[in-house]
């Protein structure tokens, strides 16, 4: 799907432009054009970008192929940005997925290319259609708003993961379930992935904010610095969350260790209580103490009561002793 | 609540200024004005900041919304600082909380904005009311004193946590309770949070101390360097404390391991002592050794005494052997 | 084996050049020459490089001996690159192996030296033979294509290892086999090795992309930047994979710990159920309760039924108790 | 206690100076004055520093209050150094303590301030009294010698800790006592503390060695570089020692794990040997095999000898089997 | 022992120089002199260095005392290098030892000082005696060859340790012996020590390779860069080896954990099989089932065969169940 949006120099908004009209619009730097290409066949996209916009073949290849790592290339009359965004509605149980968004931004036009529907971009598109003021700022203003929406999605996602990890931590103290562990490692992978994305994306915004690119003009710098601050904060949050997954694993191991300890204590207490008196019972079960063996004393009533007493008192004494050692807590 | 404080050029102090008076005061750079906005409705604050002080919309948005990460922006005629402070009276059992404080500082005025009561700021306010000499230093002196009080609060807090962790360490060696563990992880989270705050705050002070901003004048540099030193030290302390939580977890695991070891030894000792002699008792409980089975030798007195001797001597021998192996320690 | 490839100034391709022809070709900077030396005797190679190309003895020594660490040296009229490539078809069960490739690149010639067959180089060679356009870019274009093929091999390899590690992770949750562990450590070693290679290789490409070397011309910079991006991404992937091997070990330890815990619980449950009632059985096996010992009450029917009831009810009660403690899950 | 030392321009040494004499001495830059203030009341020290030496209030406050982190401030006509030294005679069982030493150094005077007796300073004082050549180098030479003595103390201390840790390591392999663990954590804290001190102290010396301060002159640079090398080495040693405490904890855990393993093996061997034959004994203890029960075969002689043989051979066989599994090692 | 070697301007080699001859040789910058001082008394060495060569007292002190950390000091007319070398024949079971080698290098002379026999230096000495071409390069060429030999020794040593660690890894998987652990920690200490040496040594070579020192001339830079590459590679290898010792410890712990797990499984299987049927045997050993107690049914033949069947079938069933749980693997 290719959709176009154009404000002419006199502030009029057009959304359906033929190829011819578009070429006309592009010629006049007073106009502002936004072309969004979503999930188009490779050849179609390639033709549009090379023929109508005359972009460099290498920059088109970068855009049409998955590049994975955000970057910005300066091609003189236009910038080529490779960005990654996140869909905050995705199911967090699975892997965290980010989508590539390629942006060409020139003096008075912006071309966006993506292969799946893109929430932040759609929100921006709708907003710009409604509020022509955004268009007053020219192409950099379009880019600023788009980046702002993308940053919001990332922050939303990070807050969700933070919430989930906090919950997991509490849950682990109560019940160290190993299925939680599997979930935890999924998040860890996701955070590794996010860090790998956000680091370079932050660098891209740093370059925009420093005003490395003349094409964007000086006024836009301040706005990009604002988004740069968002990504800076985001990176810190991701690092913190990664640190927290480490803590959470430590908690898991400590709690499992604790449980094992308590299981072993139970085993030891039971063994300590019953093994000695079982031996005593076994002792008097020996066939030496048979009627007529001359061992009458051993099987007489007084001995019996002494044995009985030992069998009752020994465990009681052991319980006291063990309790003093703190094993019953 | 909005409160104002003003020293006129002739050294007089006024605390109740109408909106009109304030505008007048602002016009004369000889005057010194401090406006403190606490927990005001958004619109009210926004109007004051944009209409009376003519601050940039983006800087106002930064101040009125929670930004979380300290920073300083240079807007030419004024600086906009986002700072975070800590309330040292808070209950440390829960999460460590820090509060945002936004400061606009110009040539001859300072505007502070915060949404909850702010201890360090209140102390500074009271101090300045009493001691007009602070005002002699102009707006930078106000800021210096405010930052100094904030640094004191952080250092107080860090010292408290250090004390608690030391105590916890000692306690763990005596009794590795798992509730201590839960507490420890709460502190770890708190320290992560503090580090995330203090790192950028230190950078903000570094910029002030380096004299990056002309608006503050050259004389103030030395004072800000002093506070920068405090935050540098603070950052080191926090890192140290984080390292200590790691040590403390190691202690916990070592002590739990030790306990488990001692539990297992007890179990093994009991089993080693009683299982062999229990077998012996069981052996002589077999029905081969009945009267009239032709096994009279086995149930005769001498055998009995030999068995009795074994039953007494075997455990004694084992105790010696085990003791030599060091399991009874 | 020494093979040569030459485009003369008029665009003709020659592949069989005598030593004399080569010398002639080298003299005219309009020609483009590629000499590939594979597994030749040391002296033969050395003579060719020193006599025909007049390379510096130190650079020849660097090329002919194994250097292990990628680097680029600027010798004025030519560059000497030490690179390492990977054969993506190798068996990953063993150690990851990389091969050294030494490249001399001058104004209008490229000399490649390697001691084993080199897949990426062979692919490049075939490609260049077919597509003369590569030759239009001169020596830098040859180098660019060669490096591009090498980067592809590394990325292919990294993706394979990623896939294997993910599989291993899932497998460990199901069955923590210690043979998996041995495999994991082999991969860890391999990743350490790859990191050691790719770090410096990335630096080499950074230098090429920054245009440090005049000999390569300005146009080539953009292409080398492209490959530099590949290696940058690759380095991040390798670091991520190393992080994942750490996670995988953590998973292994957690799962083994879990298993041990469940084994201990079984032991404790069995002991808890049977040891007390075994004692009871032993108690009534004592010889006090013989006919005619005056203990008739103890061996009477009612007592028997009470004992029987205890022997049935005690384990049932314990099962309930243990279940409540969560040990049967 | 305040003590003074003065070399007049004509090389004479005076140690008892009245306040008046000191003021006179200070006026002539040909003289060299060293004033040492130890454990004086706050007001007394403050008066001396501000009235006689005219130091800046902020630098005096830095000196008189505990600052904890070494630093050097340049106040134009004098430097203000905050240093920390160590008393190598202290009891290492407790926490490692360092003492603050504040130094003001000017063109021809040095003022040292400390609140407890200071070994390195005392040694320097005695030395300078005896050897006037030190005084020839002026104030920088005094500072150099003082710093040199302080570095020696630190290195002595580090060597002691190294020795103790090595001993502890050997001890742990023989007997993993948990009291050693407590000691180990005390050292770890101490090393954390030392690192926190030595890092900034090294930076201070780096500044002195680089010749950042004109007041010290150019000739002194070489000497300070010498001490800077000492502190550089010291920092490396401390980092190494910290690494060693980590190793030592690993050793402890490994050895404890090993012990536990050997305890569990003993338990398992005993259980494996005796539980099966105990069952056998129990089996023949059942009342089925009574005289007149028609089970005469079961209690006959041959069966008895078979049982006896099993009871002897089974454990022997198990011992062989277990030995093959390597559990008896 | 002091030995001297001298090439006069006309290319003649002398090895026995009297003190007088040496002074004469030193005066003519056309000559090349190498003086090697090994294990001489302190005073002797000191006199030679200060009187004949006029070196700075501080540089002589650095050389004659053990400095431990490699460094290079520029004293204008000569450089003073503190280096450390390794004897590759040393017994690796003990601690890794490195020896200090101090080098003074001037325009046309080199003085080496060491307290024990030095293999790399001896090899260099012999080489230079045989091959006068080395001398053609002047003092830098001597230094280059010496450093090259030293680097070879370090690389040899690192390769040996790598081999040993690989072997240890394989051994641990087969038999996790705790004596291996002790050995492993010895290597870890050794690697820590090597890293502490090689890091600064690399820096020294970096300075030589960058051409910081005019005394060495420009041509030598290229050669020192070659050795710098060796030390760079060496540092990476050492870091890798350190990482491997960490892995090896992880392997040890995993394998020990595995063994413990298998021991516990055996214990649990034995207990699970025999404890229940032992109870059953104990049950029928109670004195309720005596002749004439009216319990004839319980001791009748059919019951006996049922009990016998249970005693056989229960363990068999358990074995199946346990096998399904995977405990017998």
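We call the chains A, B, C, D and E, going by the order they appear; numbering starts again at 1 in every chain.
To be clear about the criterion, a contact is a pair of C-beta atoms (placed from the backbone, for glycine too) under 8 Å apart; a residue touches a chain by one contact, two chains touch by 3 or more.
From a predicted model like this one, the values you see are computed outputs, not experimental measurements.
Engineer: Starting at chain A, find the fewest moves between touching chains needed to arrive at chain C.
Structural biologist: The least step count works out to 1.
Engineer: So which chains count as neighbours of both chain A and chain D?
Structural biologist: Both chain A and chain D are touched by B, going by the contact rule given at the top.
Engineer: Considering chain C as a copy of chain E, what rotation angle in degrees (nearest 5) results from a C-alpha superposition of the former onto the latter?
Structural biologist: 70
Engineer: Would you mind pulling out the distance in Å between where the CA atoms of chain B average out and where those of chain C do?
Structural biologist: One centre to the other, that is 40 Å.
Engineer: Nearest whole angstrom, what separates the Cα centre of chain D from the Cα centre of chain E?
Structural biologist: 25
Engineer: Mind pulling the residue numbers of chain E that touch at least two other chains?
Structural biologist: Within chain E, residues 253, 257, 260, 264, 267, 271, 275, 278, 282, 285-287, 290 contact more than one other chain.
Engineer: Starting from chain A and stepping next to chain B, in what order do the chains sit around the ring?
Structural biologist: Moving from chain A on to chain B and continuing, the chains are A, B, D, E, C.
Engineer: What does chain D use to touch chain B in their complex?
Structural biologist: Listed in rising order, the residues are 58, 62, 67-69, 71, 175, 178, 181-182, 185, 188-189, 192, 196, 249, 252-253, 256-257, 259-260, 263-264, 266-267, 270-271, 274-275, 277-278, 281-282, 284-287, 289-291, 299, 301, 304, 307, 311.
Engineer: Show which residues of chain A lie in contact with chain B when the two form their complex.
Structural biologist: Residue positions touching the partner: 169, 173, 222-223, 226, 229, 232-233, 236, 240, 243-244, 247, 250-251, 253-255, 257-258, 260-261, 264-265, 267-268, 271-272, 275-276, 278-279, 282-283, 285-288, 290, 292-295, 326-327.
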